[in-house]
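Each of the next two complexes has chain A plus one other chain: chain B in the first, chain C in the second.
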Partner chain A sequence: MSIVIPPPPDFTTHEAGGAEFNSATPTRTWYHYVLILASIVFAAVSVGFIGTILWNALPDFEHHTGTLLGGNGWQSPAGPFGGLAMIVGTLETSVVALVIAVVIGLGTSISIVFLLPRRFRNVVATLVELLAAVPSVVYGLWGFLVLAPWMLKTVIPWLNSWPFAKELFGNPGQQDGQSLLLASIVLAVMILPTFVAISREVISVVPNDLIEASLSLGATRWQMIREVVLPTAKIGLFGATFLALARATGETVAVALVAGGVANVQYHLLYPGTSIASWIATEFGEAQGNEIAALMALGVLLMLVNFGLSLISRGLVSRQRKVLAVV
Partner chain B sequence: MSDMTELVEPVETGHQMRDEIRSISERSRARRQVRSRIMVVLCALALLVTAVPLVLLLFQLFNRGLPVVLHIGFYTQLPQTPSLIAPNATGGVSNAILGTLVLTLYASVMAIPVGVLVGVYLAESDSKLAATLRVISQTMAGAPSILMGLFAFSFIVRDLHVGFSAIAGSFALAVLMLPVIVISSEIAVRGVPHTLREAGLALGAKPHKVSMKIVLPAAVTGIVTGIILAISRAIGETAPVLLVIGGGYINSWKPLDPVSALPLSIYENAKSEWPSLRTEVWGIALVLVVFVFVLSLSARIWASRKQQAR
Partner chain C sequence: MDQEFMAQVETKVVAPTESPERGAAAMQLKGVAVSFHGRVAVRDCTFDVTKNRVTSLIGPSGSGKTTLLRALNRLHDLTPGAKVAGQILLEGTDIYRGDITVTELRTRVGMVFQRPNPFPTMSIYENAVSGLRFNGVKKKSILDEAAETSLKSAALWDSVQSRLKVAASNLSGGEQQRLCIARALAMDPEVLLMDEPTSALDPIATLKIEELMTELKKRVTVIIVTHNMQQAARISDDCAFLLMGEDRAGELIEFDTTEKIFNNPIDPRTLDYTLGRFG
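== the complex of A and B ==
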């Protein structure tokens, strides 16, 4: 997950390309069949992808669905294999990361579009997209070797100096700095470029007429942004948010490096935890039999969440295109 | 304003009211402007907050990675496990570099032909199959990469009895690249003006000739850009290859041998207890990031230059 996928084309305004491939026309050539064959291969791979994971997860769903969704603790190799810790960990890390990334990312996109001098805009936009391409393992490495010691030395003592912080975040004492909070921070840094890349694009296509109209009515710069730009771009921004969330929930190795890899339900963010994807990655090497099925079942869970999120986000982004087409 | 006051005999109450309105409006404008300034400063601050960790990351990557990558042995030697006698003997990462190249090559061979053809089909057809494939490709494009690893493990490694191998890893990467190539090829082919195709058809060319000789050459920039972006995404993926390539410690290009890869050796060296391996890991990360940056920058520059030429 390191490249921003180009947005889907707007199929409503374009007419589908060649009329020659419509079933009504008789001129079907070998070329047409090659294309169909490739499409069938692609469809088969996709169906095989989903089917294989489902099939391998089936033994676990047959006997242990309750354990998977509600059980705490992961006893390798005999079981039971409880998935609650991973589900909770995934939720915590991705929601915290999303909140950080959306608040900061929105401000960043606004300042790239409205505050930066025109000649810097493209440079910064390209830079952001390059950073979105940095492999996630590099973010994980940085979090593991640089941020974790820094958390231990600076952030945790500072947090603990606040009242109620110990009750809220927990007080891990001397550990190696890996924690759910660190995982959230690394995730936030990682999804920021993705979120900024999309939200910048969404914000920058808000029609100039609207912006100038609001400014001419005496709105200040912030009023223009709040009353005109953000409402117009709202749906697309939600789409970007869901895409960032999908990326955060699916992230594997970065979380595996910094979260600590402890399968306990943990509501205090300073303690180590784990997430669905990173748990699959770290446990799969030594897994046998039933454990493989349980890990596949976790994979099914991850797939459902991710497909749901990406369907929502793509729907929202394409609806935004239609909104702007009307404006 | 001054004309008005001359015309209308100023009444005391009116005066007061006018002053009051004016002062209220001025106060509200001042307040609006203060609020605007505050929010604008906050936005600029957000830009700064975004930039700081990312700049720090890049700085530390170059700062710690450069001393490592300047040794020739880093590229030519096989990795060694440090021992108490020689704690700094880390060897090189030649197997990981070769492994990454081999994995990417095989994955491209599998994914590019199918991906481009499907993209062309989607752009030229509006059948039910095409509509379904469109949804599938957009959903698959965002699927977590670890799932590709699970797929390749169950299908290639276990069911087909191939074992941990380069081909299993490149299959996982190919599944990862496919939807990206499909989507970008479709966009590229759709971007070719209708008039070009119609001119070809009007001259009496067969539809497949028009498609291959006119539409594809016109769309090649977008298609190649999409392919490069897909490759640069696949090169950096750790999760799918982690499960299936086996982490071989030899230089091998054979599809059935276990191989290593740059992201995999980053992951493994980072977790190692040896300080020397933890130093070396920055060099591996630098090589990987340079790979990815060169790929995506060249795609961008090439695309924009072609666009200008047109």
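== the complex of A and C ==
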């Protein structure tokens, strides 16, 4: 069998500035134009989407100045359409859900990376990914059919046994169990996989060098985690938190099923309330005229908030990369 | 410890070469072997590390130098499936089975790594005293003094004393590595392990670290892994030569004073390696 030695690559015909690179014709074939067209269509759709939403929301900003952000109560069909209940409800449910999810999620991520034996590690990691793939309507259904009765029977009596619990959470008495707290718990379960997936990634890329350096200085495992791993991963963990928050604020169907759908500003978490996204989903069907504009305006607000949150989390993740690049 | 592994490592033990000019041993290795998931990575390591001398571990890639070094402060404890056989004595105490906790061991046997790895979220000062803080020292006067002493010992104090609060990542590579040495020295260890500490540094920074080591051995015993034969010849007093055996496990070929290893070795393979005929 003869050995074929390939000829050395011939660079002479491809010199920069040579004739081939200056002539446009050979590189621009049909797929070049298809790709350009695809990107133009995409840009047009994006601009058209944002434009039409803003356009349809405009009447609300014109006629009901202040009601969106300041008003309470939603009187269909004539108005006024106040957005305060939805804004407050979104804030309450998202923040409570975030606190629950971050506390449980951080513990889960740290255990997956450092504490669990290898075979359990993969089991827990797979579980987390499975939870992330569950459609949100299933979470809503589970919250309504399973969690709500359990809350009524167990959680609420237990909460009420604490001093000041009634002042803090309210005492709704007998009802169907839909409440802002239930929505928060369902949301926490829903955003947990998102938070765990990202925070686990952020924690596991902390360089082994630093972990070994801290242990070589006589640090215990807990000191290594608390004083080296978590501070190094801090920015990325904030990124994961903001991404989870974005998911919580935008969640629609599950909250619509369990929050109760009452458009009153409600600071006691055991009473029913609503959120921006779930209110839009439940009200748009019967809306006309100014109510459509009001719902569109709520949509614009939610969109802006989520744009902001995702921009922040992207910025944080890229800053985390820079921190790690120094190491 | 499984029988099979013990049978593999108890084949032969090279007796340490007697040498009258050596003093008391800081660490003693007796038939040390390390395996990962039953696969032996290095074995037959028997030699004494003498106090206040620099002992270098040399040998080609894959001969188990770093693996052996990491066994000396129990860093293999973290690796699943890793086993260390034989005895490693620190001042006569078996570090794996004796009356010593792993955190205590690591405060007495410090480590400097291949790549400079100061903690990126800490300042220069915080890095220097990080080991003391891990071990519960809180008093500011003690920490301040330790930071100054250790940074001086690492020949870094003059250039950083005005910017102790600055993040350690602002230092150059060579300065970062000296900060890592200072960080280890702040614990006042008996032994300092160095895993190719200059391989990521430029020649000038390398020279500074080498000068530093000659100074350091007055107060601490140094064990250094190096790829660089000239470096081993320049800075070390004793030298262990390791080589990969036929079954791809590293083993100790020869241990002696650096002078003998480089000028008059017993084993012909040692001569071949130091003359650059392979590796």
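Please note the rule applied: the second predicted complex is superposed on the first by the 296 of 327 C-alpha atoms of A that agree within 3 Å, B and C clash if a C-alpha of one lies under 4 Å from a C-alpha of the other, contacts with A are read in each partner's own complex, and residues count from 1 in each chain.
Assume contacts are C-beta pairs under 8 Å (C-beta built on N, C-alpha and C of every residue); 3 or more make two chains touch, one makes a residue touch a chain.
Bear in mind the structure is a predicted one, so any value in this text is a computation, not a measurement.
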{"item": "Side-by-side fit of chain B and chain C on chain A, or clash", "value": "fit"}
{"item": "Which superposed partner A:220 touches (first chain B, second chain C, both, neither)", "value": "both"}
{"item": "Chain B versus chain C as contact partner of A:228, first or second or both or neither", "value": "second"}
{"item": "Touching partner for A:189 - first (chain B), second (chain C), both, neither", "value": "first"}
{"item": "Greater chain A contact set [chain C / chain B]", "value": "B"}
{"item": "Contacts of A:144 with chain B and chain C, given as first, second, both or neither", "value": "first"}
{"item": "Chain B versus chain C as contact partner of A:134, first or second or both or neither", "value": "first"}
{"item": "Chain B versus chain C as contact partner of A:30, first or second or both or neither", "value": "first"}
{"item": "Which of chain B and chain C A:289 touches, first, second, both or neither", "value": "neither"}
{"item": "A:118 touches, of chain B and chain C: first, second, both or neither?", "value": "second"}
{"item": "First, second, both or neither for A:212, with chain B first and chain C second", "value": "second"}
{"item": "Superposed arrangement (fit on chain A Cα atoms) - minimum chain B/chain C Cα distance in Å", "value": "5"}
{"item": "Those residues of chain A which chain B touches in one complex and chain C touches in the other", "value": "220, 223"}
{"item": "Contacting residues of chain B [partner chain A, same complex]", "value": "32-33, 35-36, 38-40, 42-47, 49-50, 53-54, 56-57, 60-61, 113-115, 117-118, 120-127, 129-130, 132-134, 136-151, 153-155, 175, 178, 180, 182-184, 186-187, 189-190, 194, 197, 201, 206-208, 210-212, 226, 229-230, 232-233, 235-239, 242-243, 263, 266-267, 270-271, 278, 281-282, 285, 288-289, 292-293, 296-297, 300"}
{"item": "Touching residues (chain side chain A, partner chain B) in the complex", "value": "1-3, 5-6, 8-9, 14-18, 20-23, 27, 29-32, 34-36, 38-39, 41-43, 45-46, 48-49, 52-53, 55-56, 103-108, 110-112, 114-116, 126, 129-131, 133-142, 144-146, 189, 192-193, 196, 220-223, 225-226, 243, 246-247, 249-253, 256-257, 277, 280-281, 284-285, 295-296, 299, 302-303, 306-307, 309-311, 314"}
{"item": "Complex contact set, residues of chain A against chain C", "value": "118, 207, 209-220, 223, 227-228, 231-232, 234, 323-324, 326-327"}
{"item": "Touching residues (chain side chain C, partner chain A) in the complex", "value": "73, 75, 78, 80, 103-104, 106-107, 110-111, 113, 115, 117, 119-122, 130-131, 133-135, 169, 180, 183-184, 187"}
